[in-house]
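Notes follow once the structure below has been shown.
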């Protein structure tokens, strides 16, 4: 039994992961409840030795009305990744800030606050990161229509709309190329 | 001083301007990656009198290298207004012309000439160093003929430009810089 | 020499320095271009640049001192230039030399930098202020070995007149001060590289650190003035070193030849070294060149 | 002098790598507080990818990182392949590694120019950017583009190697290898550069792992961490190369790591030229205009010239990608780490530290 499989068993015993599986060979992914995130991450960091924090990502599941926060960590000795996920409510998007565990989470949380509107409680520096003077809804949310925004705020150069539709054109060109 | 009837001095000055273009070292977008090859030993743009200038006060040419995010556009306008007349703008890449592949991106502008006057556009993604040099030669031609008067255009149509800029920035407009006085104090 | 000729001579003085200085800067860009394995700009490029800058239509201002800064700089440089004889023989291009002019020249050379500092102070750009601070700090470093070398020279020839020093060096290569007091020459060469802004010491205008340093806020005519004075100042320093250590020059051709040789050493140094931090530069200057200079001084006193 | 001067270092400043700015509080020449400001290059790639099919998205991902676009293509292609289960032919894997290593060499040449330029040694950028053009010429022959290649597509590579291409690669490698000692003499052994770089911006090994440092800055602390060795992708497990480490963790150690890795890249490319197998160069992919991507998620990573470049990708069974999150090495190096490194440093070191950490703004903000 490999290290990750052992880890999976441990985690299933210790926490109550909803879905614990291997998306690929050296990556363990599991979904835990909101309250267990800090516990799971500190277990991985302090007990198992996943010292290197890779990234924090956020996925918008608009249909379910949830945001999914994804914490990815890396074990420098065992050379494996683990992925801790949790789902938070989309309407009242709030989560605890974990910036005290790894310093660089600060940056990720700041970006997710800006791009998805997730409020991280206890974050020391929730200030605009990438955007400036942004007044619309957080742009990475799936219900934000970027083309609509562009039509409202920018002017198109004439001639662009008359040209062929790239989508159709690529399809045709691809058909021809495939025949050869 | 701005003269409507170019005399002999203006003719010689245009010749000098043509052969001495100082480029502001501001890599605004991904086109900045082709600027080092243009300036260094393979393409050696210094042959044409191009030189990097560190600050806008000394520069003649502002190269907009590629797409402009709105946050950069604000800085570009500010930089452009700080430059001294005569000043030129060379825009690289399809994304400055009509948005290019970022046509549906909420954070990049689609038409640069709405916000600042552009003298020469160089199309492509990325434009090769040869294309950049060709663009500069086209600019030199315009300078020699005295047609590269972007600053004058900007001063004369300042309301129109400011209106367009306001559409992007909303209420967060920039303070005015040097465009509103002529020939120093 | 008639008064008319004398006036022509005096008027020609800065212009010759300007032209040769600008030409040297153009040639420098060419030689550096070759070291970079490319062609480089035309030789007259710097003259074209200066002309273009004079013809810029706008130039913003921040007040009276901002105007006066570059002007004081040019004035200081040109005044200083007049006390340095370009040619030793004949009646032409002798400048206003008198006994003890070496000391005056040493002080006048700092005037340009001070004028600049006054102008930049009013510009309100932090980079400019920072560049001036760096320039003055560097000056402290450069002056020490330079002063020591000058003192050695004055002690050796027992005079403080540049003309006398040139005369005493006459009569062949072995009489040149650079061979008579070689250690003093070496010490002074370091501060010469520093004064010329060659690369380990080009701190005040380091683009990666302080944009273009003191010149950050200056554009158009001001920058043209500054470039002109830099051209004149470069040639002034070259002439001074040729006068002091290389036996002066009898005619313009020899002057150009000797200054050019000295100038090329600057170029070679500048293209193979990184840039010091300001305290490293001062540290360096107070260490090696100063020690060499002090040894030269001791030898001179013992002799 | 204890007056605090506030300086906005950038975005228009010659000492800044790319288009970002650092807000510095200075006392004299010493920095007491630094804050980075990014977002000047934000193009919303992650949003645009959600609006494009996989085949349309692959053409724009390479624009995420300008100096070295290929790790992005590689990541994107491999993420799609892992999710949909596409098999990549053997030859395509070898060609991909060839492209990746060439682009690493090109990126290191550009870095060398930047690093030398940041200390005021202007001869090195002129030479190294000139030699980098030889590699760009190879790219142009292979892919049609100098900078952006759009060559590594899901399911293989876009086309096969041209006739005699490997011979030309070999020639260029000989040329570049013969020029490396020149750079040693001029730059890496330069007394002034050594004096400035040794002991500047030191990272110690524990904090390096803790703070998420990757790539050459981590290896300069003496930790042999390299995605090519730790989590081998494509054919890196079949190749013979060393993971370079240096002691010290300062700017100079990082420079030496990169310098020695250039030799390793050349070694890898020589092996590829020697052992590359024949065969097809790409597999058949489904009709790209309505290629329904199987629902799934993955995290893929590639070793770029600045360190681990990761993509987190989620698909939901439609033809569009649900979410693609890019984790560039500069995301950590260029924001929080840079702020900490700059505190207590000197104004003169800002450009040097930024370059040596491999700050690349376009991948911070995408």
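Letters A, B, C and D mark the chains as written, and numbering starts fresh at 1 in each.
Note that contacts are C-beta pairs under 8 Å (C-beta built on N, C-alpha and C of every residue); 3 or more make two chains touch, one makes a residue touch a chain.
Keep in mind it's a predicted model, so treat the numbers as computed, not measured.
J.: With chain centres set to the mean of the C-alpha atoms, which chain is at the far end from subunit C?
T.: Farthest chain from subunit C, going by C-alpha centroids: A.
J.: Which whole number of Å gives the spacing of the CA centres of subunit B and subunit C?
T.: Once rounded, the distance between the two centres reads 36 Å.
J.: Whole-Å distance, subunit A centre to subunit C centre, using C-alpha means?
T.: 60
J.: Give, as an integer number of Å, the spacing between the C-alpha centres of subunit B and subunit A.
T.: 38
J.: Just how far, in Å, is the C-alpha centre of subunit D from the one of subunit C?
T.: Going by mean C-alpha positions, subunit C sits 44 Å from subunit D.
J.: Residues touching two or more other chains, restricted to subunit B: which are they?
T.: 25, 40-42, 52, 54, 71, 104-107
J.: Identify all positions of subunit A at which a residue touches two or more other chains, and write them in rising order.
T.: In subunit A, the residues touching two or more other chains are 131-132, 139, 144, 146-147.
J.: By residue number and range, which residues of subunit D touch two or more other chains?
T.: Correct list: 13-14, 39, 42, 44, 47-48, 51, 126-127, 130.
J.: Which pairs of chains touch each other?
T.: Contact pairs between chains: A-B, A-D, B-C, B-D, C-D.
J.: Within their complex, state which residues of subunit C touch subunit D.
T.: Contact set of subunit C toward subunit D: 32, 35-38, 126-127, 129-130, 134, 199-200, 202-203, 206-211, 271-278, 280.
J.: So in the complex, the part of subunit A that touches subunit D is made up of which residues?
T.: Residues in contact with subunit D: 23-24, 26-27, 29, 51-55, 57-60, 70, 72, 76, 79, 81, 83, 102-104, 106-107, 128-132, 139-140, 142, 144, 146-147, 166-167, 170-171, 174.
J.: Taking the complex as given, what residues does subunit A use to touch subunit B?
T.: Of all residues in subunit A, those touching subunit B are 131-133, 135-136, 139, 144, 146-147, 149-150, 153-157, 159-160.
J.: In the complex of these two chains, what residues of subunit B are touching subunit D?
T.: 24-30, 32-34, 36-37, 40-42, 52, 54, 56, 67, 69, 71-72, 75, 79, 101-102, 104-108, 125-126, 128
J.: What part of subunit B is in contact with subunit C in the complex they form?
T.: 1-2, 9, 12-13, 16-17, 19-20, 22, 25, 40-42, 44, 46-47, 49, 51-55, 57-58, 60, 83-86, 178, 181-185
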